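One chain, chain A, appears in both complexes that follow, with chain B as partner in the first and chain C in the second.
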Partner chain A sequence: MISNPALRYGLLLGTLIYLYFAVGSYDVNWSRVYEGLDRGWKFIAAFSHPDFSTRWTDISEGLWESVIMTVTSTVAGIAISIPIALGAASNLAPKPVYLLCRGIIAVSRALHEIIVAILMVAIFGFGPLAGFITLSFATIGFLAKLLAEDIEDMDRTQAEAIKATGAGWLQWINYGVQPQVMPRLIGLSIYRFDINFRESAVLGLVGAGGVGATLNTAFDRYEFDTAAAIIIAIIVIVMALEYTSSIVRARVQ
Partner chain B sequence: MLNLEKLSKTYGTGDQALTDVTLEIPDGQVMGLIGPSGAGKSTLIRCINRLVEPTSGRVILNEVEIQTVGSRELRKQRRHMGMIFQEYALVERLSVMENVLSGRLGYVGFWSSYFRRFPQKAVDEAFRLLERVGLDHMVDKRADELSGGQRQRVGIARALLQDPTILLVDEPTASLDPKTSRQIMRLICELCAERNLSAIINIHDVALAQMFVQRIVGLQEGQVVYDGSPDQMSPDVLTQIYGEEDWEATIETVDDEDEDDSDTTT
Partner chain C sequence: MPVKQNNELKVWQRRDRNHQLRVWFMYLVGVAIFMYCWFVISESTTWYFVYDAPRIAADIGGRAWPPRWSYLSELWEPLWDTINVATIGTALALVFAVPVAFLAARNTTPNKTFLRPLALLIIVSSRSINSLIWALLLVSVIGPGIFAGTIAIALRSIGFTAKLLYEAIEEIDANQVEAITATGASRAQVIVYGIIPQIMPAFAGIVVFRWDINIRESTVLGLVGAGGIGLQLQSSLNILAWPQVTVILSLILVAVIISEWVSAKVRHAII
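Right, the complex of A and B next:
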């Protein structure tokens, strides 16, 4: 591939030296890995006998908290996203509004949920309120961006025809724009509901409420059978949501 | 009565779409606007209801100067100008009835339109108009289930529900087959006669225009180059508007034979 032999062998040598130092800089404690393998296997084995009953109160409370966080944050997120999406669509909004709304979306997308959650826990303390705010905030970046793009792709003449009847701005949005983007809005909302539930399970790890907190406690106590039960519960709920969303999305075309 | 005085439009890109267009359209007159693609026909009718803002000149409809009114008054003035589009421009995911009633949006407040509570008089009139255009059996169909000719009829009903004094018609037949084209043109002209409406009809098909309209205006590169009756159209005139071509075959070759007036396919 490389015609110059000096460069070819030089690169090869360089790679070997890099690998030597790269591997050498890891301090691998092999006896610790060996012990860990055993513990990892115990965790996997726990899936064969998940324990729902011992900590059932904790599990059900955690799951319920996650569900509440998911529902409220999705609803709030959508409610805030819609006006921002209208502002972030270049064919509807004047330039300053457009830039402001795109700015909000960019900030929301730039920060990962975990980072936002850590910040919110610092501000609002431990518990589901921090999780609710985090997920609402993350929903804006996702939903407003994709909805704004759908609005930008809409058929202009349909909207133009409504404007020509003498409709006001809100009527124009309601008749000329909304019908065109509604299927996409519904699809995205359901999808985001799905994501928010999965995220709510993770946010507990940093103290922002939900079933993640329960899962974290179970790991800390080495109660792998309870942890397995929680993970199975999460998987079942996510699959149920997935199934429901595919049905709904097929119906709103 | 619609007056255009020295209407000009230069787009942001520097394209001069209209240059000093001065026209007078008396009540009840149906005017055909012909000219090559890019001559400014669409721009002209969009400048009248300010979907496109003209650069200079005046548009005066029934003694109101459209150019100077504020946005609230513009909304009111747009009610007097019914618009019919080339690709029908129906809102595809709304029902036929919702599409027709959207012609009434300029008259009702936001919440009553949001909850689809239009005054009973408007609803009655919508039913009457749908019956007039031959679609009273399609009221609850979604607009995207209709054929081209049917869609254009819904578009006509929507424009008429505005109770306009003038119709702005942008290539009404460009996406339709020849027979449906004639039926649509005939319907528009009949309705104009019934209601004493004036109309500006952008149209590519010169022969079709000659069959139906009372006056033809030729536009070329944004300027009026012909203004006269359809009978006076000659190969020379067409050459002036469109450029050199053999025009003998284009003029008055079609006779307006009687045909049955239902293109309802379902």
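Right, the complex of A and C next:
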């Protein structure tokens, strides 16, 4: 793949030197790991007899809260993303608006959801509202970026034809641009719904609502069968969401 | 095409009446679901805190400024750990992801009835669990530290890389594989000379893409005790040392932006 032999072997050598130092900086307590293997095995075994019943109210409430956060934050996130995407498309927006919107997208993409959630919990207090705001904010970085790229790729002649009829700016967006990007917008929204559910399952670790808090407690108490039950529930919901979203996306695209 | 008769005038409509009512009904259901969900969130929120939020935000902002830049000197080692967690984690994931991808791809799997569903199950379960949950589990099993973090990153990355890789394998040009087979090559030779050269660019792209994501994820693994810069973040938050939090967040932001830039450059060079 790399035709220059000096560069090729240089890269290989560099990788080896890096690996030497990187692995050297690991400080693994092997006896602790060895002790842990027993517990790891217990955890794997717990998947054969997951315990849904003992903490059923906590699990079901947590999952329900996760789903609710997912629904609201996806809707709110899409509603905020659309104007930002319009502003971040270089063929629609003037330069200052473009830079501002791209800046918002960059910040939203760079900060991990958990970090945002910590700040939101500090500001708005514990509970699903902090999670809702976090996920809505994270949705912007994903949806607005991809939607803006789709708008930039659109067919100019259609938009121009609408403009030639004397349409105003809003009419131009609604009849010239929106029909071209709608299938992509629906597909992305459904995909983001998926991602938001996955993320909402961990926000509870920092107190931002959802099933993560229950999971954290289960691990802290070494209740592996409850933890296994929660993880199985998450996997099943994610698989179901992925399956429906693939069907819907295949239909609209 | 439905046309409404309005006295003498014929008015074109996009949908006929029943269809339009159904569309409106769907909107109604959607709005009702959203309002219900919002109601539940609103019920479990202490609105007093929310009204107070602008003051709190200003307060935190005031405490966080100016950043304590001298704290930066204590952050280089955790940052090095964080990068190692992401890099070694990605490398470990590849060791497992490549065979899983070959088992999962429809055109290379040796056994469609048993091995392929098994590989797909590995991919799905690895993908649906967030790396923080993996880290939580591993910290409770093998103890805190960057070793647990590395394994967590690896476990989460297997599904992602294997999924993208097996899709790339399924899209290869069958003619080239056939040409290699026609020379009498064994199964392993077909893979090495017929398939790998075709998927190599996609493979390299997937690897740097995942590495970039892993840098971002490894910055927060410390929150559950799995080492790296997140550990410093957690302890600074616990003692409410907001000037230090500002420094850590800026460093994370810079690291993430650099890794994204590197990954974009590499992918651009390959494709």
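In this text, the second predicted complex is superposed on the first by the 225 of 253 C-alpha atoms of A that agree within 3 Å, B and C clash if a C-alpha of one lies under 4 Å from a C-alpha of the other, contacts with A are read in each partner's own complex, and residues count from 1 in each chain.
The rule is simple: a residue touches a chain if its C-beta (ideal position, glycine included) is under 8 Å from a C-beta of that chain, and two chains touch if they have at least 3 such contacts.
Treat the numbers as computed from the prediction; the structure is a model and nothing was measured.
Peer 1: Just chain B (first), just chain C (second), both, or neither: which does A:Leu111 touch?
Peer 2: Second partner only, chain C.
Peer 1: Tell me which partner touches more residues of chain A in the superposed arrangement, chain B or chain C.
Peer 2: Higher number of touched chain A residues: C.
Peer 1: According to the stated criteria, A:Met182 is in contact with first (chain B), second (chain C), both, or neither; which is it?
Peer 2: Only chain B; A:Met182 stays clear of chain C.
Peer 1: What is the contact status of A:Ser25 with respect to chain B (first) and chain C (second): first, second, both, or neither?
Peer 2: Only chain C; A:Ser25 stays clear of chain B.
Peer 1: So, A:Gln171: does it touch chain B (first), chain C (second), both, or neither?
Peer 2: So A:Gln171 only meets chain B here.
Peer 1: Looking at A:Ile162 after the superposition, I want to know if it touches chain B, chain C, both of them or none. Which is it: first, second, both, neither?
Peer 2: A:Ile162 sits against chain B, while chain C stays out of touch.
Peer 1: Just which bits of chain A does chain B share with chain C as contact spots?
Peer 2: none
Peer 1: Help me check something: in the complex, which residues belonging to chain C touch chain A?
Peer 2: 33-34, 37-38, 40-42, 44-46, 49-50, 53, 56-57, 60, 80-81, 84, 87-88, 124-125, 127-130, 132-133, 136-137, 140-143, 145-147, 150, 200-201, 204, 216-217, 219-220, 223-224, 233, 237, 249, 252-253, 256-257, 260
Peer 1: Using the touch definition up top, name the residues of chain B that touch chain A in the complex.
Peer 2: Of all residues in chain B, those touching chain A are 49, 51, 75-79, 81, 83, 85, 87, 89-94, 98, 102-107, 110, 113-114, 155, 158, 162, 168.
Peer 1: In the complex of these two chains, what residues of chain A are touching chain B?
Peer 2: Residues 155, 157-158, 160-168, 170-171, 174-176, 179-180, 182-183.
Peer 1: Going by the contact rule set out above, which residues of chain A touch chain C in the complex?
Peer 2: 1, 18-19, 22-23, 25-29, 32-33, 36-37, 39-40, 43, 65, 68-69, 71-72, 75, 106, 110-112, 114-115, 118-119, 122-125, 127-129, 132, 198-199, 201-202, 205-206, 209, 212, 215-216, 219-220, 222, 227, 231, 234-235, 238-239, 242
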